[in-house]
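In what follows, subunit A forms one complex with subunit B and a second complex with subunit C.
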Partner chain A sequence: MNLAFWIISAVTVLGALLAVSLRNLVHCVLALILFFIGIAAHYFLLRADFLGTVQILIYVGAVAVLILFAIMLTHNVTGTDGPREILGVKWWSGAVIAAALAILLKKAILSDPLAMVLPAGDKAQSSVAEIGRALVANWVVPLEAIAILLTAALIGAVVIALEEIQKSR
Partner chain B sequence: MNIPLGHYLILAAILFAIGLAGALTRKNAIIVLMGIEVMFNSAILNLVAFWQYKYFAVPTAQLFAIFAIAVAAAESAVGLALVIAVYRHYKSVDVDEMKELKG
Partner chain C sequence: METIYQILHTTFANVPAWAVQIAAFLIPIAFIFGVYPAIFALTTLVERKALGRIQNRYGPNRVGIFGILQPLADGLKILLKEDIVPRVADKFTHFLAPVLIVIPGLLVYLVVPVAPGMVAVDLKIGVLFALAVGTMSVIALFMAGWASRNKFSVLGAVRAVAQVVSYEVPTVMAGVAVIMAAGTLSTLTIVQRQGGGLLNISNWYVFRPWGLVGFALFIIGGLAESARCPFDLPEAESELIGGYHTEYSGFKFALFQMGEYLAGMAMAGVTVTLFLGGYMGPGSGPGLAGGLISMLWFFVKLAGMIGLNIWIRGTWPRLRVDQLMGFAWKVLLPLALVNIVAVGFWHFLTPRPLAWIITTGWLVIWFLVLTKCNASAKLEKREYRYV
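After this line comes the complex of A and B, so read on.
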């Protein structure tokens, strides 16, 4: 199990690094898919089976395809290499800010005794039934709110993306 | 599994920093959105790690993660629609060229 943690972590960090640093946009999305699958594997390792499935369905299945469509609608279809952006002033300032944040967070995490806690539960059972019951009992109002939010986002996205076509008619 | 909770928290912090670096340094608006997705996912990984290590008895953290994923999906749909609208207007997705509102 420990080895699995290190392997999945390495793959996840590699995917994230490539996703934000490659020059070809389509390659970036492929690396982002690797990152999403790594996160899903972490969820499975943490025994959150339902969340791992949701992660693959929503992120690998929907968000990655959405990003690919956005690239194809805004860029040359094959996603040719962009200009080299690395090692400019902007790159250095962003990288320094991110590295400073990582170091600060690491210090804060390691200074807390919570960092040494080991897993609490050891039962290996599916949490799907529990989540389903909670969703329709205690959490039914947030569920409806999310439904309204998703409908509004769907309509809003279509309206924003179609704006120019309607004007030209 | 005997990985301490701190390992997961530090992993999430590293992933968050990578996403932040991508959102700050890249010029392409789509890659900025991808960096934001990376940050979202690392934050949700924290929630799931805390659930597994401290509050295993109740599924509240998982429900919270599910709602966060739903909101993130709505955000990325609207964000990408905005990128397409901006592209129609400027013929570019370079965030440095969107300066019409700059004083």
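After this line comes the complex of A and C, so read on.
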């Protein structure tokens, strides 16, 4: 358990570091996919099999593919290396924002009661039934609100695309 | 895995527990790595033979009796071929893509049960795992197309990504129907729910109105996701040379073929599990004899699905790109959503004949509406002016 945790963590952190430090956009996305899979492996390690699978389905199967698709539809398909600007103003401002966010998140996570309950580890059962029940019983209004929001976004995207098609004709 | 562990533990009582544990881990892995690639090798031969027959020619018949050693000869030939990498290719990504493409196909077999209790990992969310992992091959396809630095390869990759993303949606929705009816995500339990009835056959989900629709959706989605005919646009050899694997030769090309076939067979295996009752059939059940008969039934069904794939490949022409996208979003997705409602009817209407009539009627009406709405405009009579 512990050895697996360290190996997976090393791979995940490596993926995250490569995703922000490589100069080729497509390489960055591929590193990001490695990071996503590492996170999914962490979920599997914590016996959260549903969360891990959904992580693969949504992040690797949809989000990463969407990013790749966006890159392929732009002019710079070959992904020539971007400008090398490490330790510039942008880098420092980004680092400050990231550090502030990390501190805030650490406080939020440690003050949450869930953090105390979690290390059940080996004996934990599959969580998918509880997640489903919670979604359609306790959280049905937020769920439906998100559903309406996503549907509206989908229709909006189609409407925008339709206008462009009509203009080009 | 648990079943294998228990069998080993009771037969070899004096072997230490950790050794039995390791053996119980290794046996399913060896099974997956041994059996499915062997089926892949045989499938290539059977496919070439069958396509030959469909096209009124012999097919391979020179190596061994009936050409049975053809896969071996092919493998040897392809190992000896020169591996050519384009000078401008992105070397690392170009190398990694054929390695990665085999993995998703093999991972899906982890949750496909071949006999009672005989599943490599009995995940509680097995169906979701199979669907999630099955679509990961698209990343390897993209890597191959992009790293080749060839416009045909990139076009093939674009097509592959768009196609897999589009067809993933109706396939998953078709799976949702089965998940709702069975009330579980575990592949083993879904197969058990399809047992019983007349000869262990009448309870297969394909013999329900919603199951038949889901089965059809799943076959179409599976063909599209593994980029097989009639959805083989990503590698359309008449337009794109070879699509994403234009710049691959030698064993890397063989790995692409293998990954493609393994993914197609994995989708066939999932289809068998979800709709054709998995290992259920006359005589299947627990125990050694029942287990062997179950395994036989599973592989017979798998062979049948592979045969169906070959038949479709030999007889259907390739779709156009706009037809491909329109079919997924305008026909398959609404049909899959309607199918989910049909399962709801099936679940809540109490007298079975009433449920049969209403779900069938509901699905037929929607099928007619969807086909009517999507019917292509009638072609006008052609006028040849400059004769």
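The working rule: the second predicted complex is superposed on the first by the 119 of 169 C-alpha atoms of A that agree within 3 Å, B and C clash if a C-alpha of one lies under 4 Å from a C-alpha of the other, contacts with A are read in each partner's own complex, and residues count from 1 in each chain.
We take it that a residue touches a chain if its C-beta (ideal position, glycine included) is under 8 Å from a C-beta of that chain, and two chains touch if they have at least 3 such contacts.
Bear in mind that the values here come from a model prediction, so they are computed numbers and not experimental data.
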item: Which superposed partner A:11 touches (first subunit B, second subunit C, both, neither); value: neither
item: Subunit B versus subunit C as contact partner of A:62, first or second or both or neither; value: both
item: Larger contact residue set on subunit A - subunit B or subunit C; value: B
item: Partner chain(s) touched by A:153 [first = subunit B, second = subunit C, both, neither]; value: first
item: First (subunit B), second (subunit C), both or neither touched by A:36; value: first
item: Subunit B versus subunit C as contact partner of A:72, first or second or both or neither; value: second
item: First, second, both or neither for A:20, with subunit B first and subunit C second; value: first
item: Which superposed partner A:50 touches (first subunit B, second subunit C, both, neither); value: both
item: Touching both subunit C and subunit B, counted on subunit A across the two superposed complexes; value: 50, 54, 62, 66, 69, 73
item: Subunit A partner contacts - residues on subunit C that touch it in the complex; value: 90, 93, 123-125, 128-129, 131-133, 135-136, 138-139, 142-143, 146, 149, 154, 157-158, 161-162, 164-165, 168, 185
item: Footprint of subunit C on subunit A - complex, ascending; value: 26-27, 30, 33, 49-50, 53-54, 56-57, 60-62, 64-66, 68-69, 72-73, 77-79, 126, 128
item: List of subunit B residues in touch with subunit A within their complex; value: 1-11, 13-28, 30-31, 33-35, 37-38, 41, 44-45, 48-49, 51-57, 59-60, 62-63, 65-67, 69-71, 73-78, 80-85, 87-89, 93
item: Contacting residues of subunit A [partner subunit B, same complex]; value: 1-2, 5, 9, 12-13, 16-17, 19-21, 25, 28-29, 32, 35-36, 39, 42-43, 45-48, 50-51, 54-55, 58-59, 62-63, 66-67, 69-71, 73-75, 82, 85, 90-91, 93-95, 97-99, 101-102, 105-106, 109-110, 114-121, 123, 127, 130-131, 134-135, 139, 142, 146, 149-150, 152-154, 156-158, 160-161, 163-164
